[in-house]
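This is the structure, below, for whatever I ask next.
Going by the order they are written in, the chains are A, B, C and D; count residues from 1 in each one.
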Amino acid sequence: MTNAGAMLDTYPKQRDGFDRDLLAECIEACFACAQTCTACADACLAEDMVAELRACIRLNLDCADICDSTGRVLSRQTDYNSTISRTVLEACRAACRACGDECTEHAEMHEHCRICAEACRRCEQACDALLSSMG
Amino acid sequence: MTNAGAMLDTYPKQRDGFDRDLLAECIEACFACAQTCTACADACLAEDMVAELRACIRLNLDCADICDSTGRVLSRQTDYNSTISRTVLEACRAACRACGDECTEHAEMHEHCRICAEACRRCEQACDALLSSMG
Amino acid sequence: MTNAGAMLDTYPKQRDGFDRDLLAECIEACFACAQTCTACADACLAEDMVAELRACIRLNLDCADICDSTGRVLSRQTDYNSTISRTVLEACRAACRACGDECTEHAEMHEHCRICAEACRRCEQACDALLSSMG
Amino acid sequence: MTNAGAMLDTYPKQRDGFDRDLLAECIEACFACAQTCTACADACLAEDMVAELRACIRLNLDCADICDSTGRVLSRQTDYNSTISRTVLEACRAACRACGDECTEHAEMHEHCRICAEACRRCEQACDALLSSMG
């Protein structure tokens, strides 16, 4: 949906750091997960059983914020910094894993949690793939 | 790319406010534009002629921030507030118009500005469609 | 707490647009309100009566996002754009007013809402002062 | 400037995790650093020598985004998650260290970089203090 890959191809200098396709997929997954987690937090808030979804809402909000900043950092190619990239990817992977685990527990009862768990898994795996590629 | 439409369909209560398809398109366009503007600011920063792209970079950064918050606000359905929705859409339309106009001026020289101008136009039009639907 | 005013004084070119002191106060108020609303949403989520605080939580989240982007836009002086500034300030004023009104209704029962209502009022007034100065 | 400490005191349930004063200081430092880095990126963009400040601008933008999401995550007390807290603090510390180091190199020439280096150091130390307290 975003132009992540196309924009990487227009970068005017040589890019350092990540493989182009793995990076484009991770940027896409971060922005998609940020949107899905924002919507899932709001849908959980509207459920009759909201009091039982507090942990899910809090994790949705954290995951949305961390995916957002990670997607922005990864969208920048100028003066690549491997330490910032690694640590922000580790934070994003941790947030997506925790939120995905929580949403999975409600996936059968709440369709928004099922979709959100998938978005979190996609982003967790994309972050993991980039981290693995760093060696 | 995001699950904006699918997530709208899982909202557990009746939604107030916007037409489902127009809303899903606008949420998608906001997140896509936020990513594209973030990447365009970075690509402009890497150009040899960066000093001539200051206005473009500043507008890219504003547009990314405003699209980000607009996409988040629109992703929430609980207790719809028409005043907040209208004013944030007006701000997003204004930012996308200004950034799209600026990027269009460099579209022939810089492919990242050409793609960014398209993302800004799509988001400007999606915001305008939602605003028009408010009557 | 932030260095908003001091940073305005270090801007290397002549600034266009807003009065220095009104602008510094508004930037400060935006960042403070973003933090307070984020914390108020979380405190509301932890209340036994969370189901009755749905509107408050949703407005807290919107207000935090809009204050965040407004504070960022106002922190930039390069190529001042009055249309973007005006519309983003109008969105921020609307969000702060709606969130402040909602939090005020719970101010006697919830101290976090009382403090949040004050942060929203401060930011609403700071946005209004900048808008009034635009004539 | 923010109400970080006062809001922590109003949290309706028992808080897990961090020492109240260290946490309040870190939340404050994150929001202050996000504002200062946003303004420093813009001031660098306006300098005649902008082409030599590309690394500084990119680090300012990354640091602003990461401090922003870290300040938001730390502002939430509901269902404290030590893994998310640790990894996001490590990312924030890394970004503040890299940005502070870069700004320090221009501190004598650019007052905005001198102030920004101080904001980055404060935030780096606040993140480090929280991480140390996790044992």
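Heads up, the rule we're going with is that a contact is a pair of C-beta atoms (placed from the backbone, for glycine too) under 8 Å apart; a residue touches a chain by one contact, two chains touch by 3 or more.
Please read these numbers as outputs of a predicted model, since none were measured by experiment.
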**Request:** Kindly list the shared contact partners of subunit C and subunit D, in label order.
**Result:** A, B
**Request:** Return the chain whose centre of C-alpha atoms lies at maximal distance from the corresponding centre of subunit D.
**Result:** B
**Whole-Å gap between the CA centroids of subunit A and subunit C** = 27
**Message:** I'd like the Å distance between the centres of subunit B and subunit C, where a centre is the mean of that chain's Cα atoms.
**Reply:** 21
**Prompt:** Going by the touch rule set out above, which residues of subunit C reach two or more other chains?
**Reply:** 42, 45-46, 48, 54, 57-58, 61, 68, 72, 76, 78
**Prompt:** Along subunit D, where are the residues that touch subunit C in the complex?
**Reply:** 1-4, 6-8, 10-13, 27-28, 31-32, 34-36, 38-40, 42-43, 45-48, 64, 68, 71-72, 75-78, 110-112, 115-116, 119
**Request:** Show which residues of subunit C lie in contact with subunit A when the two form their complex.
**Result:** 41-42, 45-46, 48, 50-51, 54, 57-58, 61
**Prompt:** Mind pulling up the subunit C residues that touch subunit B in the complex?
**Reply:** 54-55, 57-59, 61-62, 65-66, 68-69, 72-73, 76, 78-79, 81, 83-84, 87-88, 90-91, 93-95, 98
